[in-house]
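One chain, subunit A, links the two complexes that follow: it is found with subunit B in the first and with subunit C in the second.
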Partner chain A sequence: MLLPDHSYVKAESLEECLKTLRETGEKAKVIAGGTDVIFNMRLKLFQPEVAVSIRGLKDLLQVEELDDGSVRIGAACRLADLIDHPLAGGRYPAFRQSLEAVASTHIRNMGTLGGNICLETRCWYTNNSDQWREGLQGCYKTDSELCHVIKSSTKCHAINNSDTPPALIALGATLTLQKEGAKREVPIAEFYRADGVDFSVLGPGEIVTHVTIPPVSDRQVFIKITPRKGMDFSLGAVAARCDGEGEQISNIIIVLGSLVTAPVVLDKPAQVVLEAGLTDDAIEKAADLVRDELGEVSNLYGRSIYKRQIAIVLVKRALTQLREQ
Partner chain B sequence: MARETKTVRETKVGTPDRSRRRPRFEGELGSREKTDLDVIGKRQPRLDGPEKVSGRSIFADDVQLPGMLCGKILRSRYAHARILSLDTSKAEALPGVKAVITAKDIGEIDVNGREPVFASDAVTYIGEEIAAVAALDELTAEKALELIEIEYEELPAVMNMRRALKEGAPLVDGKTEGNLWSDDIDNYGEVEPAFETADYIFEEKYEAGVTHNLFAEFHVAVVDFSLPDKLTLYTPTQTSYLMQHALAPAFGLTLSQVQIIHLNTGGAFSGRGSVRPHHYIAILLSRETRRPVKIFATGDEEFLVCRALGENKYKMRMALKKDGTITAFDMEAEMDGGAVGTEVGYFGWMAGLCNSWVFPLEGLRMRRRCVLTNNRPNFLGHGGLMLSTNAAIMQLINTTAKKIDRDPIDLLYQNAIEEGHTGLSGEWFASCGLRECIETVRKASDWDNRYGKLESYHGLGVGIGSMAAGAKGAFRHDTSAVMVRVGEDGIVTVYTGIPDMGQGTHTTMAVIVAEVLGIDPNDMKVIAGDTDLTPIDVGAFAQRGTIQTGNAARNAALDAREQLTVYAAGKLEVDKDDLVFRGGKVYAQNAPDKSMGFEDLVYKTLHGKEGRSVMGRGFYNSPLQFGTTSWSFGAQIAEVKVDPDTGEVQVLKVWVAHDLGRAINPLACEGQIDGQVYSAMSQILYEEVQTDAGLYLNPSRLEYKVPRSYEMPEIDYHLIETIDPFGPFGAKEIGEGIIVVSGGAIAAAVSDALGGEFIGEMPMAPWRVLKHVKRVQRQEAAGRSAA
Partner chain C sequence: MAKHLVTLTVNGDTYDLVVSDNQTLLDVIRDEVNLKGTKRGCTTGSCGVCCINNAKGEAVLSCLTHALEWDGEEITTIEGLEADGELDAMQKAFIEYGAVQCGFCTPGVIMSAKAIINAHPEPTKEQINAGLAGVNCRCTGHIKVKEAIRNDHRIRELGRGTRD
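On to the complex of A and B.
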């Protein structure tokens, strides 16, 4: 599996990078740590003519505390560097847990936060080589109007399989998006779209430059279930945070990851525990409601019935852990 | 290659006469004394360890020959289709392409007389070879493949055994009358009477899924056949010998004109035992282009070319007496052979036998049906079919014990054979430490205080098993030969044809030779795996390495020693039979001060009047006409924990006791135990090729789940030495005897964690285990409400 022919641009500055991206348009692909994008190029899922590296862009490498106590993290920061950073992993336990949960040491040494947030959605069809895929027709993500995973579907159901987004959503983080001549702030909770092909609100030539996490209480948790330890994508993941003392809580956010096309913020279960407190009964009831909120779970890696059960277990575990904090 | 399906073949062998203690051997058995050994029994690190871990070992893919081309294979994307047209002209026209070959270019050559090198009129499985190119570089070769135009007409395919055996099912390849490839029944002893007089009969079904061998080293062949009278092939293999024998006649060459070099082999697990289409294709491309050619499999291609275990379904019936005596087994196996009929049936026979001869049965019936489907041609994986068979039998026995209110370990102990027993198929067990193994793990694990008393969702399971060391008759012959060259500087080099696929057999050979010559194995060299250079050896399978090649090494070393005694006896003025070779010295048995250094002796032997250069030669051939002289035995206990919410199983600890005859190198033996416990756990709990209409959905090392070092349980090792009369210094085997028993113990432990629920699916993946958890919980709830 060789890389397709392409040219490589290592931008010297953010401006130059954004300019290149505008000029090259659809032909370009951003490479950060490259741990996923290079892999997908080998599979010929991406065949960019120009690979634009954003590694080493100074503007995207800082971690700083803002006046209001928020922390702003550059998108090109490596996951490994953020785990122990006093302002990142050190300050937000759930964020730290999610960073540690990504792949293996080697991949965290290369992979970046921006790459994790913008990780291509995954499914068993497109995560195989082009030669393998030729055995079947194309799909929504490649060149046909069909989906192999959910045959009757009218859209792509590939999953958002990355670990930091659920945690960042629970923590109320905001993303800074920039393209040449324009900059905007988007809450990460509104960043993802329910479509495996066009899975984020990023526009042409636009990249994530920063992630800003507001100050929050320490009652937060991230849990992921994998077939094996040390190197695996999640079968399902959960992040949750709340304020308050003991069973009495306020401001709770529960987010499921890796089950469907975008992270899912669970409203009804949150409502239940907000009203009744984190009692055994309420946790049980909240977890039971997960099924309804999840929508269609496809058998993208792992059986769908099983994944639903995993989701319920995750929510129960997260709420129980929150109660103990 | 017209095929015909076989009709049922049924054999019947009566109960052997068990009154004769040694029914089948003539002549002397070896000494059973635990002699005072110096090198054997010490923890000897692998001789090639530093080279391997520092990345200096050479594998076939490292070989670069001058002018070498890159070969690539075009494979079928359909499970069953007619090839309407095949046009290679565009590929041939691509600059940089040196050859494009298809079925019509290669004449009569086929693979092992059984399958075509290239599909011609139809393809019968996904991944089947259709054409191949040789080009200056990989990119060009890949492009050339894309330019080959094929028109297919899809044909109905049968993707599982149930459908394949249905009346009127589409035929897998149109060459057979039905899709049943073989149907064999073997009866040993008195089967029906045993079932008729049984007090209990228990029956269970067990299904094992498709696996991949996941070799560290991918499939690769580097060939130089640029001259018509010399064919050189570098490839990882378990047997360069059998490859040489297959390839020489296929290409009209003499054996000596075919040189197979196997360098290091990165894993084999019973999957590298024969010549495969990619070997033939590399040879054909090299012949065509008159240049060396390398073919190597890429990531997902690796999954297509590997011939591992297919789907296997078992039905096990067991007859017992009230007192717990197991009197008979009736086992039926249905095996998916894939699109090319294979000898899988034979291995099913082995699996049934070796998992039942640990019991002194009255009767054994085994039926094996091998079914053709449009799946990948299946073969073997680590532990073969013996692993899944043991997992089924041991689960059956552990759950049965609960049902009849017995402790499973008592039941196994009561039924375990002892030394001198004659099995139903005639095997005579000259050494057998099975009961000692059971007692050892029972004590070490504190079984009596813990079984049945663990916290909920924790389980303990016990398994026993046995493995043949060598299987004469399964291959052309069973001779291994070894040469021992004693260098002028006293450094000894061992020449052997046996491949080291990671099992450490080269170090074992060095240790055996070192023991005989009284030298340090760390100073030795082992030259292996080049048929031009090394003496005959059938190869590394059927656990024949230590016993066959090991005996040959011992004989070669004895020959060299004999040559050295000539000078030493004269110089030290002692009878040559009184000489002791030990610790780098040669001395008189009763007068140790009469001594000389080994190196000095070698020098003087060469520079003395006789001028002898010492070269020992030895060979070994089992004294039997057919079969095995020696068997290992083992017992293991596994402890597991099941997460009742997710169905995840964690293996906490495994206690292993293995009667291996003698531990030539305890360090390597423990390494074998680690690797096999790992692999058993991996197959019982994790490994599964997921398929959809013959297409592999998870052909990558990320998605084909195997556990990692984090999942490794703690292991408690016990090497039980029974000093077998046939093995070199009493050694038998530790090559596959462990994995089989680990499988049984782990499967039984999971079942115990769920209160004795029989889990009839392998792998016991979390979603399957969770289904059983829910079932058990429902039953418990029903039981509670009824009460």
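On to the complex of A and C.
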């Protein structure tokens, strides 16, 4: 079974890649590791006329420390190479945990950081073959005005199911986005949009080229819950980071992933533990507030009522672990 | 569809191949190089039966990557393990521990197992579990496979494994 017809362009340089992307417009799909793009091509969700490979681009393969102590990582770095890298997984424990949580060893040996950040959103309907999907009407991602996850919805509710974004948001990372003739920096916290079809702020012909993580304290945690450890997409994930000693914290960010169309930064629960410290009472109170911040919860595996409960459990676990660090 | 000339080294032999844009590495291994040991399973990255080793000896999935991406690279497939008519220690271990049932997934499982040994010559239980997470045997299961992998180094050194 061959892939659907398309042409394949292996760009020699970043400039050439961006030029090709501008010229081909919406007909093109950027491909690096291939684990998500080819997967979606097999499901006929992606039908690009041109696949532009950025896998070997030297500009996107560096991991370097900047003058201000930040670490800049090229988007084409493989997930497997970052886990043990002294400047990546070695420096940021939550980032390391999130990298290790991605799929299987095989996938991590191919998939890239940029690919994980730009992972296509998924739901129980779109994560199946086109023959399977034929049994039901299409959806916003294919050819109909309908969302199978939340029937009354006016937009796509597929989930952002990638593991590294919650960790990178908690660590305060910034993405470098480039298109031909333009370059901009966007905090990863502002990168995702609450729409499963158009789920990021990436414009036409624009790609993520680098991820910059600022120097932060070691009090950080990432937890992912899956049906089978070591392969499945997440039922829910949490990343959190704080400054300070013991129960007294001076700065905290809590992020939930894999529950809705974009990672969710939890403001009110963070405010509670910031004011009261990481006491048992405050953690309980913070977890109680999680439900209110989630909005409509979509599903890939597990029912939404289960996923709401998981969100509460994840936040409790993350805060308890932070207290012990 | 455009065709391109690609040089690919498979199991130490270099091939000049004419490859089209929409062929995956798996298509080329099976249909152009004509090595049928690497199997076509789910083709979506869930089952791992198409697993091969790259030049670094890491496990990668040949069904999820364009063949054109591998121009000039070296790969090892299941056929490359046997040397001078003798099976590799890992293959012997799989036979000794009965880590085979229908055998369809076995090439992918053995190449995944080789990747574990390449990274960790005497792997821990956790390292074996992590390395096998991407392969899915539907009949014999993973218990005997793990036993075989644990004994690979003993077969290599002593010529036989032990039961523990």
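Just a few scattered comments:
Criterion: the second predicted complex is superposed on the first by the 322 of 325 C-alpha atoms of A that agree within 3 Å, B and C clash if a C-alpha of one lies under 4 Å from a C-alpha of the other, contacts with A are read in each partner's own complex, and residues count from 1 in each chain.
Following the convention adopted for this analysis, a residue touches a chain if its C-beta (ideal position, glycine included) is under 8 Å from a C-beta of that chain, and two chains touch if they have at least 3 such contacts.
Worth saying up front: this structure is predicted, and the values here are computed from it rather than measured.
Of the two partner chains, subunit B is the only one that A:306 touches; subunit C does not reach it. Looking at the shared chain after the overlay, A:35 reaches subunit C, while subunit B stays out of its contact range. Judged by the touch definition given at the top, the superposed model places A:110 against subunit C, while subunit B stays out of reach.
Shared-chain residue A:132: touches subunit B; no touch with subunit C. In the superposition on chain A, contact of A:227 is made with subunit B only, not with subunit C. Of the two partner chains placed by the overlay, neither subunit B nor subunit C lies in contact with A:271. In the superposition on chain A, A:62 makes contact with neither subunit B nor subunit C. By the touch criterion defined above, A:8 lies against subunit C but remains apart from subunit B after alignment on the C-alpha atoms of chain A. In the three-chain superposition model, subunit A touches both subunit B and subunit C at residues 1-2, 228-231. The residues of subunit A lying in touch with subunit B in their complex are 1-2, 124, 127-129, 131-132, 134-136, 225, 227-233, 301-303, 305-306, 309-310, 313, 316-317. For subunit A in complex with subunit C, the touching residues are 1-8, 10, 31, 33-35, 38-39, 42-43, 51, 53, 55, 80, 103-107, 109-110, 228-231. The touching residues of subunit B, counted against subunit A in their complex, run 77-78, 126, 138-139, 142, 298-301, 645-648, 686, 695, 697-700, 702-703, 705-711, 766-767, 770.
Of all the residues in subunit C, the ones that touch subunit A in their complex are 1-2, 21-24, 27, 40, 43-46, 48, 51, 54, 58-61, 63-66, 68-69, 112, 115, 129-131, 133-135.
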